[in-house]
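Every chain is named by a letter (A, B, C and D) in the order it is written, and numbering of its residues begins at 1.
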């Protein structure tokens, strides 16, 4: 037991380091999974955990965790999105062959960072240094990432844990600027009777995504979300990914002068994936706090992010 | 028992109708699920079937069923695909904020029909009439399908059945033009000890997709695949979707003068989804003939098809 | 002089044919310039006419005839337009080389038919038959027109004639639905003291384009413009191109039940180019009724139309 | 005559300054045309010069100075270009209206920096400082340049001067790495009997662009072109623009360790436009050393560069 105030302070900071996990202590540019690792916390997924997660399926109900993406989806400039439907080669003809086959084809043109998102480990870093010490100048080629691309992400199959922050705070839509840190996370987990374990994928329900189409301006200006301390806490738990029904997961306005520090802590420093604009309302309404989470992100070579629609099954 | 030759012929044709299912008998423009239905055979998915499928997870192994999509993926003209990586607003700066946040963003420009595909029910029809009698002129708006869009497809969670045609035919790559009809399907199912049931998703393994990067010309010129009779057979079984590790599922050269008739039978006439370029090799190597199949296609509003990465879990 | 009523009728119809030009009489699918011709009325441009046009430069004043094109330019669905500025490879660096070169690059994504336009001879036809009998199915390949592409258009250098319809009608903006036919054209030409001759490029000034940014809805819903009879009249004069400061040149609402018939008469039947959204206001203010017109449309292979900025010099 | 060594040195440096023009002496970030100027050397164009240029039209011959741009045009990664032809809304119909109007429409997707180019004054700078001291961070918005955009460029109408370097060097294609500096420029001008004057647009003919389609690799790896000293010389002459039938105008390999220094001297330091991939062969064959040069670059708001087709008339 420490005798002096300063010793006590030192002890306290060491204790905090224990709780906060690697993000505060080691050289984050060196992944615990070795210098060639590109998949980060997906390494926590094991066959045992997959089997256990499948056993969470008890009522056979499925949920889209993806929202719709289209040209009206709020997006940050200069991002935009557009789809065009065409019928190549069919102008004026009844169709191909005696069976008159006709078809519609589609062309997409848009920034990937719109709608429900998987942020890959090459998305955000610290002064151009990304997960596992990879430097942007080395891997972020204009025609596609040479490392950390979305095609590298293994199937994300895990126990999903929903933390219903809205219910906890007695509201439909949690206020912008509300930060979720250790205390909030632990309170909700306890109330809901769930633990957060290594290999989990944790999703926050805040109600925020319901603002789309009603108040796009408010939706995009700020959000409730994960705070810096909460990010370190979850990293210490060894989660695979963290998501929310918000555009950016982390609380805005930011808690301090730092900008997107939670993204840095999760993606760059801990190789933990981020899931944005998750459609958590239906799960929350069903009190589906534990479920089988399955995501196969479209394997576009060299992509930084992906437009996704993970499935929850319980 | 029929006495005469003509009676025998009549009996035989009636029997065939029974086997072949609705495709040969009713007015296909009227869906059995009613005039407003947009999801077709996905209606076969029930909570019971989902729970049973989850119980197929016995070893905890997961598989990407998606191949990579990029500018080199073989595609039919005029289709093309491109991704561009940018760093908006970071020219010449160390990063945003005191924590120097930097990030990569991506822009996609390309036809959706490249790589691993989900063909939606609005993709292909007969003389501009699509699933459930929907007319192209009514729903295929240039800015997005007004009906049958990919965003309407529910989570495709089902018992997956793999039919390893390559192993059955004693080859690594089944020859182009080899048709899979009732006899072939039943032989393989029997040999593998699996049944095909209502609500299943059936995938053929042929080895064809392994030609990508080795012989793109051969890969795209033809393929082994489902024949017209086999399509009707599977439709009669009430499957939700049929796929293969080929670019187009159905056998090419076509069996007769008709063009993409299997697509018409599955998509338009029976509301059965098609999965193309499925990465079945690993499942086949593990003899994973039954598995939990999970697909959340990215919910791009009004899309005709989707670039997908379904996950198989066993 | 004809003696009988029927002879009189015959005479009248022949007379009308003379006035109306080829559009009413011959088989329009056979160009007067032969079966292989792809440039239509540009054939009227001769060195003599070019020299005469250059001699019209008397005060040395130049004019942009192009308006700006951007994402806010009114356009007909599904058309859209977007430009993105990027700084490839410069994230975090002071520049390339000891002299620290840095640069901006741009990417365009959009429909060509937005802003100031040159309609090529492959743009519009009659039941999929285009200029000189070319069938869409033969030349309109999805990756670019195989004939009649914009890259085939020779330099359009000619005597430009401005007809100030707005001044003639005593208004700033001519009302939508106002048709310019032979009488109107001849009255204005006479008042302005200009002739319309073979090889000319004729532009109408109506004031309509000034509605952009003020009343986009009105701007796009209709317009004053060339009528069917007026189109035949100008075709009979042997003009190279006709344009206006409107989005579509021809009067809307249409004069009859026909749809874009003026486009058919000019482009398909006579190989006469159409110029849309011409910025004629400054020329009109200066009473620049005759000028040297110069257009080099960007030579994008296989393009149907081009975004242009012709220059008037007087 | 200077008496001392230091005086001699001072004299020599002043003399060099005279020869080299402003680029070596003043603060280049302050344009001679004032702090708000965005058009640089286009300010040299006057009505008198326009009239004189028009008088150069003596035989009535016109020339495309633009080459074709398409998906096969050599381009530097990640640049790419694509056009798609569509027939919106016409699947299965004979056409619109009783007159059966049908039409082709086109969509462009591509980097602007491909094919014949106008480099605007916002294209290249020194450590993110561009023409007239404009800082990239201030004006280079991702949705379009806020200053120095192509839409600001006035009609470029001037006396064009062709310097046939290939003929001068007795070759069809001038070798890569051959630098054109003051001596070379003056020798050719003298041999051809032309002067270079303020307000001119100077084009070099080297034969290099004829390599496209024959040896794309060689074409893109290097080029003959303007050297640093030559650039300063031309700047001192007060030219409006300099171009060549090469992809980058300046000599490659570079003369020293500096990278694209000629671009910096012309664009950033002197507001002189650069024209790339000019199709000079026909003019050279006709010995068209003086001509009327006319360029209306498509006025895409905020563009950095433009795909162009200037017209030469003589």
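Here, a contact is a pair of C-beta atoms (placed from the backbone, for glycine too) under 8 Å apart; a residue touches a chain by one contact, two chains touch by 3 or more.
All of these numbers come straight from a predicted model, not from anything done at the bench.
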Chain pair with more C-beta contacts, C-D versus B-D: C-D
Chain located farthest away, centre of subunit D as origin (C-alpha): B
Classification of the subunit A:subunit B interface as same or different, half of numbers criterion: same
Rounded Å distance between subunit A and subunit D, as computed from the means of their C-alpha atoms: 47
Gap in Å, rounded to a whole number, between the CA centres of subunit D and subunit C: 28
Centre-to-centre distance between subunit D and subunit B (centres being mean Cα positions), rounded to whole Å: 52
Overlap residues in subunit B, where contacts from two or more other chains coincide: 78, 82, 84, 86-88, 91-95, 102, 107, 109, 127-128, 136, 140-143
Chain contact graph, described as a line, ring, star, complete graph or other shape: complete
Residues of subunit D that touch subunit A when the two form their complex: 77-78, 84, 86-88, 90-95, 102, 107, 109, 141-143
Parts of subunit C lying in touch with subunit D, wherever the complex brings them together: 45-51, 54-55, 57-71, 78-79, 82-88, 94-113, 115-116, 122-128, 136, 140-145, 151, 154-155, 157, 257-261, 263-264, 292, 294-311, 313
Residues of subunit A that touch subunit C when the two form their complex: 78, 80, 82, 84, 86, 88-89, 91-93, 109, 127-128, 136-137, 140, 142
